[in-house]
Every structure is written in structure tokens, then in C-alpha cells.
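By letter and in written order, the chains are A, B and C; residue numbering begins at 1 in each of them.
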Amino acid sequence: MTAQGEKGGKVSRRTFLKAAGAGVAVAAAAGAGYYYMSTQPVGEKPPIKVGIMFPLTGVYSGNARKQLDGARLAVKEINDEGGLLGRPVQAFERDDELNPGVAVRRARELVESVGVEALIGCLGAHIVHVTNDYMKTTGKPYVASCIPVVETHKSGVRGPNTFFELPSTIQISFALADWSIENLGKKCYVIYADYAWGQEMFKYLKRRLDERGAEVVGTDPFPLGSTDFAPFLTRVLNSNPEVFAIGALGTDLVNCLKQAAGFGMKEKMKILALNNTMTDTLAMGVDVFSGVYSFLDFYWQLEYPSTKNMLEKWWKAYNEPPDTYGIGAYNAVREWAAAVERAGTTEGSAVTVELENHHYDWSKGDEWWRACDGQSIQECFVGIGKKPSDVKEKYDIFEIQGSEGGEEIMVSCSELGY
Amino acid sequence: MAEFTLSSLLISLLNGVSFGMILALVAMGLALIWGLMEIANFAHGNFYALGAYFGYSTYMMTGNFFLALAVGFLGVALSGLVVEPVLLRRMYARPPIEGLLLMYGVLLIIFDLIEMTWGSVGIPFSIPKELASYIDIGVIEYPSYRIFQIAVTALLALGLWLFLRGTRIGLVIRAGVQDRQMVESLGVNVNNVFTLTFCLGVGIAGLAGVVSAPLFSLYPAMGNDILIKCFVVVILGGIGSFKGAVYSGLILGMASSISTIVWLPLADIVIYLFMAAFLLLKPGGLFGE
Amino acid sequence: MATSQSLVSTERLRPTVSLIIVALLFVFAPYILPPSIAADILVFSLFALAFDILFGHMGIVSFGHAAYFGLGAYGAALFLTYAKLPPTLLWLSILAGVLLAGGGAWVFGFLSLRRSGLYLALITLAFSQMVWFVMLKWTDVTGGENGLVNLPTLVFQIPGVFTVNMNSPILIYYFNFVVVFVAMILLYRLLYSPFGLIIRSIRDNEERVGFLGYNVQRYKLMAFIASGLFSGLAGALYCIYQRFVALHTLDWIMSGDVVLMTLIGGGGTYFGPILGAAIYIGIRDIISFYTAWWRIIVGVILVIVILFFRQGLWGMINTLRGR
């Protein structure tokens, strides 16, 4: 396919192409220029830049948007209260697309090009894992706002300035095991999604159940993305447990619960979802969760003064109650900023010193940062889904049944290698 | 590994048929398009997804599931009407690999269009109330929706088979699959036949999408997941072969179902091994030429 | 489509100059663009060039080339993680990655090349997916979805003369640049040697080349392996720069990406793949600051390129310049 036209045609096409090429080059330069301008400070005092990164597109985007809300609210409040160290805080938002390659790329760009003093965010254990690894090399604080896997906690893996705001798989599993033994029963059947998160939840759940005298009557891993739980459900029914624990998320969890309901399992045993949020339940269908127990990191009907405070603020800003991931991101930003203020500098190790062992209560009662591994020690709640007839208004979907918390539901520092 | 109780075995069997029929239905369209037009429709999975989303919106707006099915089929078939004449037609003279690459571009476009319209989060699709009960089959209670789905997909397959066997157009399509040039030289307007086949093929995939939505929920990447499986089905069954699509669809569906009780961590790798093996050794598939 | 003769004669006059310009662009890139984007363009240019050995010069579409990129990345990462060697010897990890990728290319290429066209593409896809699943499931060794992090940094040392610890992104970038530049020169010499001539002749008229007495299958396999080796090199360098490896280096999206880059930039030319890599990464990374919908943009560009500008951007530029 050659372009041998008449001489006239060839020249004009070449000229066109040159002009187009020049135009593209100019546009690209303009774009790059604009981009760099946007990262330069505005106003008189240079702002303190912070990076916030969540999977704003993809399967977790629902919860990620809540995280963005939380982070933005925190930044706004800080600035309204006079800024940080007398300077305004400027947040740079990024989408990690739930992809480790993208996450590191964006983190790099935030730290190296934009020049952020800290990175906050995440949703997805594998994302935290690689982001933590990168942030280690920068020396800047990284406050993760999602559930990490144990590997990321371990000595040598975790960066010295990395902190985890949401409870780890260990805390959740231990808390659920403890509470369930007290309140639901001692014979337990566990099914779990066969990948890192599910495997870990199961491992620590079983460990705690075994330690505390409960009986795991059966377990089954299922492939992620399963649509068909009937084979597992028939086996659960045959084992006749008191508690049926499900380590699944999203559509897996919905499918499983729907099918379990179909088999009449809600009446025959107590069903426990190993992870859940209000946001997810609303998206998946309140009726699916009625009568089902779930782990809840946070719920807007908690009785703490800070919760009521948070509820008011959040409602005003977003016209809905706050939820797990929004709170996680909010807490993370607030804690980082408060530590910076106390330290008098944004420098990584100084901020870390201020965070270690520090207690805080922004939203759900007392929480504190464990020094050895940066894990936030906090209460883990269990709620039961309300029957649709009991639901008084849109967000009134759970009833908190109890909680477990404190350092007892976390493994010791030495076990992690510290 | 778990116990093979009769009930769990029976359920797995039925689930295998259920999933297998869906695979077969989607693969049928793919097989026809591939056989007749020599285009490996890499965007086929996303037409399936598109149908599911069309059906979902229709159901949300009207509450009528049968209307949702119809819209799923028609909506996707109509979008095929846009894609085929405008884009695909120019590829017939070119090597088939270019058609694949073009459809990869279409895949990207449809994916983003779905995310733009319906968001990137998964949407659960409740089973319509009329169909959401359980049928007692002796040892087990089986969801009536699945029975409905198996019946509908079987009916559709039958309908397509009758269409291909009994109508003149069906005859032309089958002849074209066997020998396109011959059909052309017999004076048939090949363009129209191609357009019809494409729209029919993707339309069926869209319909399959609506039918399976209540079982599997909706999410933008749902097309990608079923795409590879359908490619394997068509390769195993034979490109252009209707019979092949049905048989290997069912086989793959059953295998997939059995693998949940006989837990093979390497189940997925086996699928690709089969795909490669067939491509290398028996590219005609089981029933193709 | 330019004939092989013109490729040898005319493209030879300009390339030294062009190569120097490209080299300079890469040298200054980290200061013009965000450094991580520059690093990506660098590595993916190499990947696209490697891919183009098959795509443009041999006329073979592989839809599973991520396998070699990923094997290179994983090979390097596994070596860095498990080989207990002093830091000064860690650069061998790059060799490990290259060899693993080359090995994979040998096996998969041997099998895949028994078919052609569409079937070949699908077979390569199947193989690539197999590698992906192995890396996914073999969690103990490969870290599964978490991948491998915490990779040690390379150290270059001439005892008594200097020690360079590659712990800063800029250092790693320039190290990568040197390696990529050398690889580019090697590739250039490969593609514009008699070997390259034979490859392109096979693309143009396979039968005839066979009649001339060449073992066509052997040349195809050699080209495949060469492509695999250089792809593996790109993967290993990517891993070194990123300091971690994860499954996205192996998925079919990565395979699709390199096809897109090469197509858009222009297959069969020397600078096409480099241009394509720059454009694609530019769109993906810069546009995604402004909108989440970069995929549809890429999809539309791909469709337009396939329909109307099959030779790609650089190919089009070449054609208009009368080559």
C-alpha cells in the first residue's frame, strides 16, 4: 500500500502530516507542561503534599470511592482547622486499578514526580504488599487503609514507616472465633475462597477455634469466582454444624448465601460471613444478609461518642452514613497528619516515632498503633443482618451483637519476627 | 476431596448440564461466525456481557423477565448490525488473524462502554420471583430457575438447529461454512448472509448472558471469563460445527462442575493444555473438517 | 509494504543518526517525563522490538508473548530471591531471566510453529495462560498473587576501583538504558543482517525461500527464540526497575498490550515499535490522569489502525517519505 499519488497530492499529504506531527508534539508538550504545573505549589506557603491511592475503577470501586470520600473529608477538616504545621495540605488522588504494576507506578510517580510526603490508601492485600515494598525504599510514611495479609506484617517485609489502619486477617479471624465460640456454637464448618485472603482467614480462624476448644467439623476451599455452591452446601448440611462460616467476598458471597438460603440453611444453623461492610450489603441485597452474622469493622450505629460525631460530619458532607472503608481512610489521613503535627516535621522516621503506641479515637472508640508492626489495634464487631421487616430506613441494616478487640486478638510481635 | 454423596453428585451433574448449555449456546454463535466468516470473534464474550447488562436494565425498568430476554437478544443483535458492516466487512479479504486483532479492539471498546454505562462494580441480579423456587427431584431440591435455564437454552439450541437445517438461509449458512466460494459463485448475496450470521451469533450470546445473569451476577469482566472457555469449546468441538459446540460445551460444563467436588488445583491449566493439544493435533476439533 | 531490498539499502543510511536521536531522547526522558513513565517506555520499547521480530519481520502474530516477558521477569526475581549470592553477582539474575525466557520460547515456539496464522496465535495464547496459572498456583515459590517483593538491589563493583549500589531509581534507569541500548544495537544488526533478510523473505514468500534450500522451520524457530530472549531481557529489566514481580507481567492483557504497541507504531520497521510503545504508554499513563476511559481510546485507535493504517504510524511515515 504505497502512497504514490500525484506529486501535488504527495506534497500536501506530507505537509499535512508534518503539521499534524508538529501539532501532536505541541499538544504533548503542553500536556506534559500542564501536568508539571499542576504539581507545583499554589499560594504563598508551599503545601504539604500527600498521595492518596485507591482502586477507583474495577470490582472494588464501590468501597474505594468511600475511601476517597473519607480521605477528602479528613484533608478538608485539617485545612479548615488551620492546616498542617501551618501549611495547607494538598492531596493528590490516584487510581491503582487494583493492579500491582499500576499501583507501584502511581506510587512512584507520586513520590518522585509530585513529591508527596506520604502515601495513604489501598484496597486489596496484594496491592498493599507491593506498595509497602516500594515505599520502604523511599523512607516516607505509608498508611494502608485496607486489610493486609500477614506476610506484609512480617519483620523484614514491612517497611519501618508502614502502618495498617484496618485490622489484619489475624485480628478478624481471632475475634470472630472468640465471639462465635461464646455466642454461636462450638461446631463449625468453614468454606473459604481458595486464594491468599481466604486461605489466611481460614488458617487463623481454625487455629483459634482449635486453641479454644471448638470443633471444626469440616472445611472446603472453593475456587474464586464460583457460581455454584451446591456441592459444598450439601456437605455442610450433612455435617450438621452449629456455625457455618463463609470466607467469601462480593458476588461469591452473594451466590453462596442465596443458595444457602434456598437450602433452608438459615434456619438450621448460624451463618457467619468472615468479612462484610454496609456498603457491600446494600449493593448485594439486604435480604440476602438477613439473619446472617458478619464481621463488621465499623457500623454507624456504634455507641461511641466519636461515632456519633463522625456520623454527623459524614452525613453533612455526603448525605449518607460512614462505612468501614471510608472510616479507614479518614483515620489514616488524620493519624498521619496528627503525627506530623506532633513531630514538627514530615520526615518519615520522626512521624513513625509519633505514631507508635499512640492512641486515637476518631470514629469507633479507642484504637492504637502497635509499635513493632504498625498494626492498629482495635475492636472488631459482629453484626447480624436485620430482617427486611425490621429495617426502619435505608441504612438500618445491621444490629451489632458484640465485639472482640485488643492485642489479644493479634499474634505476638515475636511471632512476626520482631 | 469430599464425599460423593448421591445428592451432591446429582446436583453437580445438573449444574454441569446447566453451565454446559450456557457455554454451548455462546459457543454456537462463535462457531458459526468463525466457520462462515473465518473471523475468530475475540469480542464474543463482551457481546454476552452486553446482553446481560441490557437484560438487567430492561428487567429493572419493566419487571418483565421475558422482555429482558428479548431485549438482550435484540439489543446485541442490533449492535452486531453496527459492528459487522462498518468494521468487520473490511476484514474478510484479509488474513483471519487481522480479524482477531480488530475484534480485540472492539472488545476494549465494549468493555469501557459497559463500565461507563453501568459502572465498574458488580451488580447482583436477583432471580425473578416467579422462577425462584425449588423443585423436589427425589433426593434433592433443585432450584427451579436452573431447570428453566436448561429448558430455555435447550429450546434455543433446538430452534437454531431447526433454523440451520430447515430454512433456506440456514442451508446457505451451512453451505457457506463448508465452502464459501462455492456459495458466492452460486449468486447468493454473501454480505447479507454474513451480517445475518454475525447478528444472530452475537445475539444468541447476548441472550445467553441474560439467562445466566441471575446465576452468576453481572460484572464488566464477565465477558473475558467466558470468552476463553468458549474458544476452547469451539476449538474442541470444531470450528463451524453446531454439533461440536453443543457436545464440547456440555463436556466442558460437566468437567467444570465435577472439578468443584473433585478439587483439582490444576483444573484451569488442563483447559489450556486441551486447547493447545487440539490446536496442534486436531485443529478440526471433534466434529469439524 | 516496502520490499526487503529497500529496507536494507535505504534504512541503513539514516539509522545511525536516528539511533543517536532515540538514544538522546531516552537519556533525557526522565527529566521530560515522569521517570517511571520514561522507564516503562524504555523497557516496553525493547519488548515491542523483540515482539516485532516475529510480528513485523516474520509476519507471525503471537498472542501470548507476555509469557517471555513474564518468564524474564520471574526468572530474574526468582534468582534474586533464592540464589544466595553476594550482591556483586546479582546481575546474573538478568541472565537467568533471559535464559528462562529463551528456554520457554524454544519449547513453545517449537510447538506453536507447527501451525500458522490464527491457530498459531491461539496456541501461543494457550501456552501463555498456562505459564500464568503455574505462577499463580505455585504460591510457595512465586508468591502467587502477591508476587515476589523485597528483591535485593544489584551492586556493580570493580574491586578497588568503584562500587555502585543500584538503589536509586535514576541509577537503575540509566543502567537499564545502557542495557537496552546495547540490545537495540544487537537487534538492529540482527534484523539487518542476512538472517533478517531471510526472515523477511519468509514473510513475503515462504514457499520460495524453501525452494531456495533454506530450512524455513529452523529459521522460524530461531527468530522465535531470538524474540523470546530479547522479550525476556525486557522483562528482567522491568523486574529490576520495579523491584518486584507480579502476575500482570504474564497475563493476556500484557500480551495484547505489546501487540497494540507494535501495531500502532508500525511493524517491520525499526523505530515503529519504539514509537508505538511511547504512544501506548503515553495514552495509558497520561490520559488516565484525566479519565478512566483510556481503554476505549486505545480500542478505537486500534480499530482505526487495523482498518486504515495497517503499517502503523512509523510505517505510514516511511511510506510517505517514499520508502
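Quick note on the criterion: a residue touches a chain if its C-beta (ideal position, glycine included) is under 8 Å from a C-beta of that chain, and two chains touch if they have at least 3 such contacts.
Note that the structure is a prediction, hence the values are computed from the model and not measured.
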> Taking chains as nodes and touches as edges, what kind of graph is this: line, ring, star, complete or other?
Replying inline: complete
>> Applying the document's contact definition, name the chain pair with more C-beta pairs in contact, B-C or A-B.
In response: B-C
> Once you find the CA centre of subunit A and the CA centre of subunit B, what distance in Å lies between them?
Replying inline: 36
> Listing for subunit A: what residues touch at least two other chains?
Replying inline: 57
> Multi-chain contacts in subunit C: which residues touch at least two other chains?
Replying inline: 292, 310
>> If I count partner chains per residue in subunit B, which residues reach a count of at least 2?
In response: 115, 265
>> Applying the document's contact rule, which stretches of subunit B touch subunit A when the two form their complex?
In response: 2-3, 5, 7-8, 11-12, 15, 19, 115, 119-124, 126-127, 134, 140-141, 143, 215-217, 219, 221, 225, 257, 260-261, 263, 265, 267
> What residues of subunit A sit close enough to touch subunit C in their complex?
Replying inline: 1-3, 10, 13-14, 17, 28, 31-32, 35, 56-57, 95, 99-101, 104-105, 108-109, 112-113, 125-126, 129-130, 132-134, 137, 149, 151, 156-157, 195-196
> In the complex of these two chains, what residues of subunit C are touching subunit B?
Replying inline: 61, 63, 111, 114-115, 117-119, 121-123, 126-127, 129-130, 133-134, 137, 256, 259, 263, 292-293, 295-296, 298-303, 306-307, 310
>> Show me the residue ranges of subunit B that touch subunit C in the complex, using the header's touch definition.
In response: 40, 87, 90-91, 95-98, 100-102, 104-109, 111-113, 115-116, 228, 231, 235, 265-266, 268-269, 272-273, 275-276, 279-280, 283
> Once bound in the complex, which stretches of subunit C touch subunit A?
Replying inline: 1, 32-37, 40, 139, 144-147, 149-150, 167, 169, 242-244, 246, 248-249, 282, 285-286, 288-289, 292, 310-311, 316-317, 319-321
